[in-house]
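Note that the chains take the letters A, B, C and D in the order they are written out, and that residue 1 is the start of every chain.
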């Protein structure tokens, strides 16, 4: 059977199928349903310095082939994460990537410093969350601000720094170039699209937070486009995500230039999605007689 | 029964349900299926100065709850339009809005001048087409360039100028403000999202043009968000579009701030979509006892 | 709590109870064996990606010897509409059992069960379990009409059922809240278990606080994962710093644990 | 061309012809009355918005007295998979008849009909119409196996059928292109009508040019509107400045009108 191993930003994984931050909890939630040690890596829900209660009111709204969420980074804070959650998360034997979010450069740096040596394999900088007021979105849409926070974090930690970008920009390539120049070891593409739904019976926005982030198969073509554009412009590996539900979907991202993929909303449609994707990828490589699966990365524009 | 009449940029319509440019041909195509004179207004496929053959290769690719298109402005050119097509289009007795696209400010101005006095009721400036190389997208993502073309066209024509914006920008509100300041009498929101699909069997992009524009229900939350944001920032009416398939969907846009809506991809799912939407809106107003339907415009944030 | 799993369950039976209420029985032996009263399952309701999310439905009955699990549901929108068209022999994807169900222990206690509308679905499973422990049950059931008191006769096997309907076609005319006040005046109860619309839960929560009777409430919230992973289904906890996940800390909460919004 | 309309058609019959080919018969009297051979319909294939687009299927038979229309189709992906699960009495949305069908006029001419695979679907309707005008038909039919020569016996009522299969289980082993060369050597024909995969159409196009026999080809292209409105289904016309809409100028083109891509 095809060996699907890959290394992203120095993090070795048995296969290129990760989970998307915020959709998989801390691993333990899904472990009763399937053996999470089969995944390439685990990614935490966005962590903040202090515990965060998240947004009030309704947080989810289904949309055609997708959903809007406005969770707002509910998490127990980095201390509780390191003390109470990380040990169990590491027990699966797969690398753990900490997704971090702050309101200022200083918060990102403090998070990075605190996580250094904690046992996480890398950091994913969420500078693209549409569901928080401060930092998040603004940091992630301005190349200068984005580069500055990335440079500060890279400086502050020995961990590999993966930067997660938002698609809600005019020029995602410019943004990608800026954060790579600032030291990003890899990129995660894409975070959710900024969306809104209105409950026509009440006449008010459906979500407590008014706007939310759109994810799921609905956004897949936008995500594949982002990966296609960015992969041709930068030299760091890309973790592709956005609506991936099947091996076929994962292959779209890989052929467009992703070196790994993350499964997110798909878990809500089929809790076994990630496992099936790993098996689909193996079958595809076998069927096509592909010896090294990594030759598929970017093959749609390389060939 | 509720009177759904409305006036957009001085164009009087019997109801606020238009068609989205490029999805409805020139009216005659759908007339066998339903009486197109029931629509609020007709909008042409994008017109160019000279005939345009459009993009080669595959032009359509279905995606979850939507589709990618890369038609590339296939049209017979403005002369043939005025001579051969417009008379039939006007015969339905509803206003005809000409959607125009150029590569330079001069082309937009020439189109606007040629259409002045031709019998069209207004112009919709497509400065947001993701499927053409020149002009289109670049013009539509930079507020200064956008304002300049709008100002030039407004200067050159006595027709009301509606400007159609792309969602593929960091700041759609800034763009909207710029074109309104430049003289736009109304805005159309949104054009398609830039997307891409890969055929994993051939390993190549599915569309001949590589990238395409994503439309359909998949993008509805993004479109509603754009309308919500822009409606609160500008004082001109907004024609909302993006995945509208039912009266419920249309109401989302109206409550978010649209004074009219356009039906596009929905025709491909249900050719009678627009008629049903008009009937749905009438029923909603009757059921809720709404005397003047226009009180619904922006009600989600006004109240 | 039993082991949670993902299953593809064959439809044994789909019964239409009225124009839009259905009783669906699935072949799901592991789920039948593991499920506890008050728990639920996330059911895949559609063939493509629209609808995309699964639908949470309470376990109405679990027959472990027959390997069958039943759901009592009302058609509300796209998902349940699709579900209602499933026929015998077809398959439905299903994740469960999920959540924290009703807590009960000890024998021969006296409890008040309160349910209204389709929200009464989890009561049958609970009543069966409590009756097995020789509890004495007083069961208050509200519905729009006599016809929609779906599980009345089944519940009568486990306790005394008092019905009330919006139109008076069975029992008196009125809401189950009226029955609640009377029952609490007339009798004494060690526990109250309630499920149904928000006003019913609020009335039970108030009654529980006023009279110091422990009550458990089954809540509903929009869900995506059903497993506690996405933080999408939270409600406010009495401790204001805590948001509680309805799918994980609930769906059954002690009345004093939660703040019920309108 | 008959009047195009949008209909909700009741399923009269769904017959499985093999593991993934089906014959669907719908109650659609207006369509049955209006349809011409070579035209198609856009059929809604799904309950939500995924799949979103309708599927184009050729009209296989139109029985105007019975008010019935049949489609012969192979399950290829999501849409046709859904369609195949429709049962008698269920409904399917349908827009049609669409497009420009086969052109024929005059009596007692001699024609060659060429079809391969599921692409042969429109031939039956055409053969019936031509036979009604006393045409003499030589019908060449290719398929993977004998079992997938679905309309062979029906076609034999209207002309002489020559079959060929990939595995030799009926007729010789080979492609319908081999039969085409032979037929053109042996006989003379006033017209050729062809439908099927691209290589078959290309062979017919070449033969038509070489021998000066007018040929008509039924093309396939991805479609959205089916009505000529969206410009999504174009193919290249022989006049290089013209893109032709397969749904409006076609799906049946004169062989010299179009450039066939690989």
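The rule is simple: a contact is a pair of C-beta atoms (placed from the backbone, for glycine too) under 8 Å apart; a residue touches a chain by one contact, two chains touch by 3 or more.
This one's a predicted model, so the numbers in the text were calculated from it and none came from an experiment.
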| item | value |
| --- | --- |
| Smallest count of steps, each to a touching chain, taking chain A to chain D | 1 |
| Greatest separation from chain C - chain, by CA centre | D |
| More contacts between chains, B-C or B-D | B-D |
| Gap in Å, rounded to a whole number, between the CA centres of chain C and chain A | 35 |
| Distance from chain C to chain B - Cα centre to Cα centre, in angstrom | 47 |
| Whole-Å separation of chain centres (CA-atom averages), chain C against chain D | 53 |
| Overlap residues in chain B, where contacts from two or more other chains coincide | 63-66, 216-218 |
| Chain D, residues touching no fewer than two other chains | 48-51 |
| Touch-based graph of the chains, sorted into line, ring, star, complete or other | complete |
| Footprint of chain A on chain C - complex, ascending | 3-6, 44, 48-54, 93, 95, 222-225, 227-234, 236, 241-243, 248 |
| Contacting residues of chain A [partner chain C, same complex] | 22-25, 29-30, 32-34, 45, 51, 53-54, 56, 58-67, 69, 71, 74, 216-218, 245, 265, 267-272 |
| Residues of chain B defined as touching chain C within the complex | 64-65, 217 |
| Partner chain B, residues of chain C touching it in the complex | 48-50 |
| Sites on chain B touched by chain A in the complex | 63-66, 68, 141, 168-170, 193-198, 200, 203-205, 211-212, 214, 216-222, 224-225, 228, 243, 248, 251-252, 255-256, 284, 296, 299-300, 303 |
